[in-house]
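Note that the chains take the letters A, B and C in the order they are written out, and that residue 1 is the start of every chain.
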Amino acid sequence: MDLDVVSDNFAFMMGGLGLTVQLAVITIVCGLMLGTLLALARLSSRVWLYWPATAYIHFFRGLPLILVIFWLYFLFPVITGKPMQAFAAAIVSFIVFEAAYFAEIIRAGIQSIPEGQSMAARASGLTGYQTVRYVILPQALRNMVPALVTQSVVIFQDTSLAYVIGLREFLRRVNLVDAREARSVELYLFAGAVYFAICSAGSLASQRLEKRRERMSLA
Amino acid sequence: MIQIQHVSLWYDKTHKALDDVSESIRRGQTVVICGPSGSGKSSLLRCINGLERFQEGRVVVDGVSVRQPGTDIHKLRAEIGMVFQHFELYPHMTVMQNITLAPMRVRKMSRAVAEKKAMALLERVGIPEKASRFPEELSGGQKQRVAIARALAMEPKIMLFDEPTSALDPEMIKEVLDVMTDLAREGMTMVVVTHEMGFARGVADRIVFMSQAKIVETGTGSDFSSARKTKGPASFWNGS
Amino acid sequence: MGILNYTFDWSVLWRDPYGGMLVKGILTTLQLSLLAWLIALVLGLAVGLCRVLPLRFTRLVGGAYVQVFRNTPLLVQLFFWYFAAPLLLPKPAQAWLYDNVPNYAFWAGVVALGTYTASRVAEQFRAGLMAIPRDQYRAAYATGLTTVQVYRYVIAPFALRLILPPFTTEFLTCFKNSALAMTIGVMEVTHTAYYIDSFTWHGLETTTAASAVYLCIAACITAGMAFTEKRVRIPGMIVRR
């Protein structure tokens, strides 16, 4: 074990973490927005909303992310005639892919609220919008936040896949250093440790939120 | 029949669920335990058949000490029937399978004998026609009667009931209490945790009141009704 | 420019030698995910059990296992098993490995995917056991059954039904994750689809075909498991907490 290789290349490798975080944040924000729309469409009683959303979700949840990346990478030039930038290919495939997972979490959160709640709210004179806004959504959000945080941790890990189309994010840089220095044990343990530190924090937050949710739903 | 001597139970170092509890129950007696939620009623009941590993004291059932290394606890439990608040029927087995499991596996009874006996017990609790149903296809009262039949199938000398009616709708409570009353009349030794004061007054030889891990009062049914207006547990009676 | 300029050539899917490559890729994907699943099941059940046993030590070990494997990307784990693990072996063992295991990448993939999936299986298994109410155990013990009998007749049949659906999901996840093995050079179906592109420039067709393969296999497994679940289903059984 020789940790010099890690300290010598520390700045270079950690430099990739910026891109990793950037990828993750953009994916989470946009994925959440697209996911919410999909979830609402899936809960809708209008078939022309329900069926496309359902098909979309099943489609992307049935595929490996890495394949989706390639697929878009090949498809894009066919549609636009221009070759696709690696960054754009990565971000677009992450968003369309993760939105399908977010959508299911959000849908489950909304459906976890018993029907009696909305009936009670309507019975007290609230409008449909008010019912959703003040009664259903606050409860649903509380129910799904832990799962959303967990999924965000997964996304953070998934960004390492941008590696395959050559983006120089964190893991790619570790890989490059390894190609030059041939110190796989130290370097991959280091990479694992960095991801572990960040993801554990996320997982811990998710667990905390889950505990709090349980306490509140008991009260 | 049952001697409980200075039993103390901790769930963890700080949490004392039973605090030096002593009580003795003679053969054929029915004892009702009541008290507020969290006072240790269920814990005490579970000490009697060794489901709870109390740290101090002794429980002797029919001459056998529950927590002694040499005791065959499984054999002892086979002699003690237990009925739970949420029935705890095995959801993946039919009513018949629920009742015959322990007789066949513990008593090594043949299937034919066990099933014949189970049918007789189902007749007795009034639902022979449900033998091939799954638990979730029964009403709450029916489930609890099956649970009682399941316990009786082992021909226990003692029956323990942990709030057997508190998960039931009012109209079903009576059908379960009737079965229990019959059992008591036939001379079964019973320990019953319940808030059904009508049952307690009518059937119990003794009522034990628990609060904060201790037995705070003991008496007959009539004692309690007259103590109503005075101190102590009275507030609880009024409250319920 | 645009869609009109692209001529689809679907024959790339069956033309020699590409057709054969794709079939081989599909078989490799299946082999990889099934072998990994085997490891995941055995190891996952063991780790899950460790986490519910009333022993501090096993709980600690089980908990640490799950934390480590769930909080690092599968890709890093793959690289670790492929690039780093052999270096940790003594020299003669390394030499033996390089000489005698030509498809080491495949086995590194199996181990990485298996040990990673095990951490997820362990969590599902534990959740299944925890979903069984405590009084259910007590009711079984109260009739005099021994510990082995309690688990054999009451807990296991109950728990198995509870974990069947999540285990199906986990297997499908394992199946999809097997695509990551391409990064260490395993020629499974995703890699094959990408690889054919470099000869033919018809990657769109091959990746579309690979997608169809994943979706079809997943649909078959889902249907099969739904059938099994229906067969072992118990009328009206709902999970009470």
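Everything that follows uses one rule, which is that a residue touches a chain if its C-beta (ideal position, glycine included) is under 8 Å from a C-beta of that chain, and two chains touch if they have at least 3 such contacts.
Since we're looking at a predicted model, the values are computed, not measured.
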Taking each chain's C-alpha mean as its centre, the one farthest from subunit A: B
Pair of chains ranked first by number of touching C-beta pairs: A-C
Chain centre separation (subunit B, subunit C; CA means) in Å: 46
Centre-of-Cα separation between subunit B and subunit A, whole angstrom: 51
Where subunit A and subunit C are represented by their mean Cα positions, the distance between them in whole Å: 20
Interfacial residue positions of subunit B with respect to subunit C in the complex: 46, 49, 51, 74-82, 84-86, 88-92, 101-102, 105-106, 134, 136-137, 147, 150-151, 154, 160
Subunit C-touching residues of subunit A, taken from the complex the two chains share: 59, 62-64, 66-67, 70-71, 73-75, 78-82, 153, 157-158, 160-161, 163-164, 171, 175, 178, 184-185, 187-189, 191-192, 195-196, 199-200, 203
List of subunit C residues in touch with subunit A within their complex: 1-3, 5-6, 67-68, 70-77, 79-80, 83-84, 87-88, 172, 176-180, 182-183, 190, 193-194, 197, 203-204, 207-208, 210-211, 214-215, 218-219
Subunit C residues within the subunit B interface of the complex: 133, 135-136, 138-146, 149, 153-154, 157-158, 161, 234-238, 240
